[in-house]
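Presented below are the structures under discussion, each in the form of structure tokens.
Each of the two complexes below includes chain A, the first together with chain B, the second together with chain C.
And then the complex of A and B:
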């Protein structure tokens, strides 16, 4: 029996499905639920990741069921809403998502989607009641719906680009830097001769999702990408590389070498690419060294975020930048099957130094942990700003929810993301020192 | 007691014939509301809009030293992040995180445990338990948890029975929250002696608006109970013994004012928002009349009005066609302000329309009978269609789709975080408008992004999807 949650940063399955569908150009979610579900998503999701509002509004189609539908069923209301959505809203694909109310009433959603398809409308559906799980579950449900139902709508393309790699596990908004992170990963894959299938973000449309069966590999970047990889292995026998988190800085070279080996790519090309990227990052390190020592960048930090971000950022800062991961708080409730693996890995990032690894999504519990951690730098979400002010510790907001930053294409992944992260952490530390006249 | 006996008040559509979907001229609206029967309208295509739960949360967010427990699945508390980020108070936002099993078996045990744990952790002065679709459909027994734990812990626990579906108008959520606050927090009216203070009813207002109104009244030498925004629960006990209630808006706190009047005999002043120079003056004078302070109010008004005129200088909206899209009472007040500044009204979108607005409709129908009124909360597709036809020079709105409107290339000013109340509000708005009209370049950039809607929709009539409800 799950415990109550204070100030939770993981909303419900419906909202998780909405953020996945809204991240694909041309996909129109059709909410079958009460009127407020879409506005809750807008206030607690879209607005908490400034710069991620595709429609300039809350989701653009919602059946807004009333008392009558709760009592007598909402199937006919959905039929009407779907028909009119196709007429009013531009889209390549319409995705029905459901809320708690219509699921409790028992509306037959697959039948409604089938009726739509019989009219030749491109319609898929996902049963996403909020009570079925959190945003990560919603990501799974939406991805699964696309993988399983798209082949019923469109024939498999005749040809696929060679060296195509699907990228999984980066969740829109839950990773506030998802667009930039995907773009940087795409750049890196192209750098060693692969063709990235980013699936989400700019220029990623239903066409990208139709390419999925033709990939040579699934690249999984968080525990949440394991399910789609498994589904594709079953359906198309695509193999996978599974990482626990984002590759940042030198970890990127390990991934690129692994890809080169597994896919038998041109080693000389890969090594030349890595050498160029490595040397560039090393110069960045060198150029900020004066500030680093003068303002005392080297310190113990607390990091609060989704597991993919925590793994990537903590390892980069711990293994290349001399910082010490005091306390690492993973907020995304990773499945039990990976928890031990994550703890073992994260507790020993810096040899001879024990990092504390905690799973929590409760704001007050997280604040208490931070208070007792004695960290000298807090990297977390906007929800941690208050405790950082209370403790008088420098702070950078980098995980969801981000209430006071605009993120358009900024990245904290790969080589370029490593540079950006250094800029942002350095800026936060210098600004703090100035404010308190410490240097 | 009978007024507050039910778990929740009747919805606005039952009480005031509130419409959430309508399109027509103001003269037709005025005629329709002169009749006894006002048929409800529904939409055959709809977009997300506020519900009673979201509006109730706006009120609860303003009560100090409180814990708000949303007894439902995670998503019903998502807006809590928005309220935390607004940093307007120290409310603790809790969700009981109901799962599938709870929707079958009920979850009052989970609720009970949460209340006890949160009481021990925070010792708040009040705990709110907020309903939602899951709890409403399941008919979970919140009431016995409230009664037992109130007894056991000696704690004020207030259940707020919003459902997300029983009213088509989110504004009903204000009534439901206020109903519960009054029912559980006022205590015995007879236990408190009548006092000379006045109630300033402020519901989900911008903090600066509330403070502005408060300062103006304090300049008249009035002692105030300001609530429910940013108030403690003790204010409710004082409020029932006040001399009169002044609403900061005739719409949002209407139920609060009406119950105080009917049940506790605290007269409610019927007056528009203190927005605009003359609007603020009228508001002040109506209160002053009650207190016999007409001269002081007149002096205050003429001094402030002269000062604002000086600050406005040559600013004028002459020749500017303005479209207004706001919550209803706010829209009527901003309309007056735009006209006061010399502007022309291109059209109106109101979140809802009901019997509280009859006076405004009649006045407007006499002055500008062909003015078009659109009633909608969140139905951006209709508004975009209307705006493409009317091509106003300026859009003033507070909806969550201002950004979509701006893609039409129309200069837009969002009033969501702009304090408009009082004399200084006039200057703030004038400055924002001046800036918006001076540089269209961002709107021009936005206009290059494709509309979410099909051209076929724009060839339909704006009210194509608004139908009379078949009972």
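And then the complex of A and C:
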């Protein structure tokens, strides 16, 4: 049944592709669309993800087509834009992404990319009209373009590092903590003797993407990473470990043991690493105990976010921190094929306690659900701040859009991410408790 | 605060009233009768339209014919086969246009305009038609030329929203469809009926009637009559297939110009006279897909019988 959608947190496919390309150093995206697509990407995407955006707005090249390009085709405008971009912006790879109007018109983008390559420019393309899907679909399209087209531009490297693991499913900006999360995952993999291929973030360039075929494993951290893993299995017969969400706290130990077993790593080294990390985390739990009981941390909570975050955070808080996941709202419209699996898993995090699992991206509906949930802590995006004030309950913003926090390297994944999460939730609860009881 | 809001609200109401008044003014000031002619590609739309334009002009009316087809050959036979820069081509080259740049005076003083469009396989022709029509309105072609009749000759089928522009938004008052007795031509006519049916209730053009063209087979008039009856429309003229038309076209002329005394010229004059004297229009009732197929199959059976009958009759002569 048709309904209004208020304050959706899922932007369009073009933006998803742009987010991915911009997260790889040396990749220069070229938008082939009407004026405004790039600005919208800044206003509704990067700027809303923890204040971690380029100064002013992203310097994205765009063909800014007008009516005559719609009527007569915009191929020549794109050709000109590509030529000018190559002249003024140095890059290792130029990635054409398209908007709605140029796709409606049917501009021949592959031919334009081919023309560029004929002139020895490294050019790839992704057809990313907004009407084809949302930001997650855009992530898929961009990843697919890189996997399929990079081998046409550069020869496969002859040697790969041994124990290389590709990481998939973390969508830049859509997960505001993506940089920190990837770094922590990299640290964990290194800790058990693997070589992480983070693919996105600082020091991750086209060279990282050229390493993809040589990986021993694809580590998938959200339903959105399943497609790249499948593509790579078909192309290079690389096996995968598929998780529904980010490993946080004790879930990290499970993952590390699974990796060790599957890749036949040094068990002693892994156990030593896990023991060190577990002991640090346990020490922190012990130090937190006083505040935990004094300020009444243990309470029911509502969590609103992308499925990868919801799975990771809800399970950590529910199983290790004694909080009760009252209502879990997944905002990323995960594919039908994984929904039942997610519901079954999330509804029974705490034994003997049923959690409510809801799929929604509608701000108004989400606010109503929170109102009726009677939970005493809200973990969500900045869009949920208003309802938390209305209800007078503590709140922590941790999912997209994140308009009122600065996130540079903060992580909510792995062991260190678990610590950060405890600090932030504890701070939110204490601040609230002081406000109401001490002042 | 509330006073301020009230003031803003009043301003909004005023501007809405102003806009609707100026819209009404535009509508009442529409100069001339605007007619859109549709039909399957190659069915003889441009020939029919040009001959109607020529006949109307010959009777002393001021006529504009606008070709809305990327092929841009609608007005060729009104202009002796000469080239005419299209609106969109000219728009591509220069930003400021004058009416003279994109029009030519053809037979009988008909103002000929070709909207034009992209080369096949590139760009969006539908948006092109939209842009060209917008430009003609901006240039105030109708205010300047003060036509009695404006005829839009529109590409084959109503394949997308762009080609429905002439029958949307009250641009044309009436649409006519040219069809032969071929099933695909009837199919295209039925599609136009669907478009008219969709837009007419909200101020779009209504259907003026069906023009039966290329009438050769004996069963053709009855078949087209039957289709018109089934869809709640009527046939306003039957144009027989004629060598005169082909010959005139080879000379780059309309029949009205090349063979004014011919019977064929009279057929077109009658059509022009009908269009001039009748303002009748209907909202057609298009057949849905199964109905159209069933109707076609029934006619398939009947034609077989009719054809057999014709052969017998001929044999007896």
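Everything that follows uses one rule, which is that the second predicted complex is superposed on the first by the 427 of 439 C-alpha atoms of A that agree within 3 Å, B and C clash if a C-alpha of one lies under 4 Å from a C-alpha of the other, contacts with A are read in each partner's own complex, and residues count from 1 in each chain.
Just so it is clear, contacts are C-beta pairs under 8 Å (C-beta built on N, C-alpha and C of every residue); 3 or more make two chains touch, one makes a residue touch a chain.
What you see is a predicted model; the values in this text were computed from it and never measured.
In the overlay built on the shared chain, the residue A:4 is in contact with chain B alone; chain C does not reach it. In the superposition on chain A, A:259 contacts neither chain B nor chain C. In the superposition on chain A, contact of A:206 is made with neither chain B nor chain C.
For chain A, the partner that touches more of its residues is B, with chain B and chain C as the two candidates. After overlaying the two complexes on the shared chain, residue contacts for A:70 are found with chain B and with chain C alike.
When the two complexes are overlaid on their common chain A, residue A:88 makes contact with chain B while staying clear of chain C.
Using the contact criterion defined above for the overlaid structures, shared-chain residue A:43 touches chain B, although it does not reach chain C. Of the two partner chains placed around the shared chain by superposition, chain B is the only one that A:130 touches, whereas chain C remains out of contact.
Annotation: chain A residues 67, 69-70, 104-105 touch chain B in one complex and chain C in the other.
Taken in their complex, chain C has these residues touching chain A: 88, 91-92, 117-119, 122-125, 127-128, 131.
On the side of chain B, the complex with chain A involves touching residues 43-51, 53-54, 69, 72-82, 84-85, 92-100, 102-103, 110, 113-114, 117-118, 121, 133-134, 137-138, 164-166, 168, 170, 378, 380-381, 400-401, 403-407, 450-454, 456-457, 465. Those residues of chain A whose C-beta lies close enough to touch chain B in the complex are 1-15, 31, 33-45, 47-48, 53, 55-67, 69-70, 80-81, 84-85, 87-90, 99-101, 104-105, 129-134, 363-364, 382-383, 401, 403-404.
The touching residues of chain A, when paired with chain C in their complex, are 67-75, 104-106.
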